[in-house]
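Consider the two complexes below, in which chain A is the common component and chain B and chain C are the respective partners.
Take a look at the complex of A and B:
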């Protein structure tokens, strides 16, 4: 996991060696592969980006223009009336707020509980540690979908139906972050902890003063990864929430497809508004996002 | 890969005496640190998991006063339920298509991005864009793209003189439409993991191969591919596991139809459990899903084997 922090060096090294190798080994022929690569990548950019652009253009068209000609891609008179209409008619602001509260809560508690548990599993010396770790690994293989029927019954039984908490607990309980943080804390040298103990730090002080500050890169990854999943959560909120005012954004707009079957301008306007918060964050911190996925998704494989 | 020295270090520290610097309350402190997570896991995942197995052996309507025990009857019903068979076949098809199409494209794109061409940041950012967008949003956008009369895909096909399809409304194409859109959404995820794997291959290997006279293709065939094996295996298994959770796209785009042609295991589970309120039957579906995913996970654990040191 630490390898990624040294990546810039690797990259620059690689650039140099590429140039050198290209310099004397295959001088003239080496241009074509690059041109082909650029061509494929430019085509890919078109394939991956154009649906968003097209959806955005459609959302700017008045209802009549959408169904006028499919070859008029760029709106002749762009207007935000679809956005205004759907915003007024549907409680989008409420849904955005629900999603923000839920996602932030999930990220906060995931970071807190997973760093605590990961630290204990990596550095703790206590009876039952290996059993606990086996339990964490074992729980990793349970697909969350499998527990939904009993969890639904349980949540309603304790009176948490239609609450933020009910949505959040399923994601906070996910053992993946614990596993990831444990793997990270394993890389912290024991000598550091021993030194802190000699200076009189107790277990909790080591957690707050040494472990947490050291874990910043891993925490950034876990934050991004958890936030994307929490923001996109769908099946469980769909099941446990039946009060429209408590819907997270994803459930809210997915259920608009019923009443808005043919009002594509408004539907796409709602979809674009739903995508904006995460897209903005992504465009601002693209590197953190991609590293977050690489570390969290691929870290286990390395 | 970096595990063996770590394991060794742990064994060494385990064997060393603790020098008497451990504070007296340390054991309790460790339990306090780990308790919240374990308690939550037990309440939300482990107990409900056992609950699923229990409920699957009963006829379970949520508001009924009694839940009669029916043994394995729910499972027996699954065997002869043609809708469940469709769900199973559709999900497996979806899964296989992702492995055969998504994974190779992701690898190809990762290799192109690893060439460090000018503009790589823009290329990778664009390909990754769908990954950070939610499934619901992407499904809505693609439902519009697939619109038979006004959608961009048919318009595009028409330009080339190909007749448009009735994508989501036809039994022949509904699942294919979901597969195409899901590959588009998911390929950037695998690409980034492959890219991390490629960056992990030391340059000295390539230099050595070049010195030995290996060309581009030989370097790829004899250096990149073999060293990328663990990453590829990981990507395949994770893609398998995630693909069996297929739900959101089906919910938004087709509702499982037409005539169950795009129904998935999780969609059928949701329908049975939370539309029809046959919770016993839904739990049996959930347990079958678990068994399938568990089998994949076993393969995955085997593959990293030594990586997970207990």
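Take a look at the complex of A and C:
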């Protein structure tokens, strides 16, 4: 009878001890590429995050101190004076409300229309389905700046100039959302739809009772995507709105800069406040956001 | 009829300084009621606390938009 020994020799023990450092399977040879990769990543993070850090610290400086020295990034006497001033002196509350109205409207109607369109394009059997899908995808490649002037004329022609609807209607027709929802619905097996139909559901009931509950992760991702996009919308609202009471936050902040003088401290304080909802939405739904990216890029295509 | 509908929508979509934001109230109400229906009535949605709290928050925003504080303008 042969007995198999499992005792390792000294060399393998050394390698094993190296492999267990930090709980990761790391050998000496693979350490340097990781260090270099992390160094590049840390540098990239610094490049992307440093403007935000600079903006935050500058918003805490008194107006006279902002351009006193380029090397003095951290304020010597931090103050929230700029935050208080911009809130009191500018109609920031109304601009925040306008942004909330517009973002909520865009997110709600985008989800409603895109789930319906995505469901029809994924599971519907009708003539011209692939042509319709190609047209939807085709609109993704048209730069939005190209259609701004015709849209401006159209909105004024129907009397929607200077209204919330004019801002929202452009973003509600969102081909990316339709594509994303279609990719999700493609992964739902047809047998579920057949079973629901045998239980007596019509097409709309299948959509509301089967498809929508199943699409909760995709809906959450699309909500975060759309909210971040709608909250940051600038060019179209700037063109179609000409009343200060109707400005969304981004347009209002941009117009705080005057031709002769600008209150940079207040401007940066407002910018930091404007970034807070998006940062909060991202931090709360970080996992969902990442899943959404994977969903829109990694789904089954046809 | 269509012209009247567009005129009404235009009226709802615009609110001047120190006016109630009727269009905003309408949007928040529709969104809040729809999400509330999905969260509290439709059991198959298996709604979590975020969806339930979100619908209540939207209804609160609808009230805020309707009773928008008459803040002096310009400030």
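Everything below uses one rule, namely that the second predicted complex is superposed on the first by the 243 of 302 C-alpha atoms of A that agree within 3 Å, B and C clash if a C-alpha of one lies under 4 Å from a C-alpha of the other, contacts with A are read in each partner's own complex, and residues count from 1 in each chain.
As a working rule, a residue touches a chain if its C-beta (ideal position, glycine included) is under 8 Å from a C-beta of that chain, and two chains touch if they have at least 3 such contacts.
Predicted model only: the values in this text are computed from it and were never measured.
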Contacts of A:246 with chain B and chain C, given as first, second, both or neither: second
Partner chain(s) touched by A:105 [first = chain B, second = chain C, both, neither]: second
Contacts of A:192 with chain B and chain C, given as first, second, both or neither: neither
Contacts of A:89 with chain B and chain C, given as first, second, both or neither: second
Touching partner for A:160 - first (chain B), second (chain C), both, neither: second
Which superposed partner A:213 touches (first chain B, second chain C, both, neither): second
Touched partner set for A:74, first chain B, second chain C, both or neither: neither
Contacts of A:97 with chain B and chain C, given as first, second, both or neither: second
Partner chain in contact with A:274 - chain B first, chain C second, else both or neither: first
Of chain B and chain C, the chain that contacts the larger number of chain A residues: B
Shared chain A surface residues [contacts with chain B and with chain C]: none
Touching residues (chain side chain A, partner chain B) in the complex: 3-4, 7, 10-11, 13-15, 17-18, 21, 25-26, 33-34, 37-38, 40-42, 44-45, 47-52, 54-55, 58, 66-67, 70-71, 73, 113-114, 116-117, 119-121, 124-127, 129-130, 132-137, 139-154, 169-170, 172-175, 178, 186-187, 190, 194, 197-198, 202-204, 207, 228, 231-232, 234-235, 238-239, 250-251, 253-254, 257, 264, 267-268, 271-272, 274-275, 278-279, 282-283, 286, 289-290, 293-295, 297-298, 300-302
Chain A-touching residues of chain C, taken from the complex the two chains share: 6-7, 9-10, 13-17, 19, 21, 23-24, 27-28, 30-31, 34, 38, 42, 44-46, 58, 61, 64-65, 68, 71, 73-75
Chain A to chain C touching residues, read off their complex: 88-91, 93-94, 97-98, 100-101, 104-105, 107-108, 158-160, 162-166, 208-209, 212-213, 216, 243-246
Chain B residues within the chain A interface of the complex: 1-2, 6, 9-10, 13, 18-19, 21-23, 25-27, 29-31, 33-34, 36-38, 40-41, 43-49, 51-52, 54-55, 62, 109, 112-113, 115-117, 119, 121-137, 139-145, 147, 149-152, 154-155, 184, 188-189, 192-193, 195-197, 199-200, 203, 206-207, 210, 215-216, 230-231, 233-235, 238, 241, 244-245, 247-248, 251-252, 266, 269-270, 273-274, 279, 282-283, 286-287, 289-290, 293-294, 297, 304, 307-308, 310
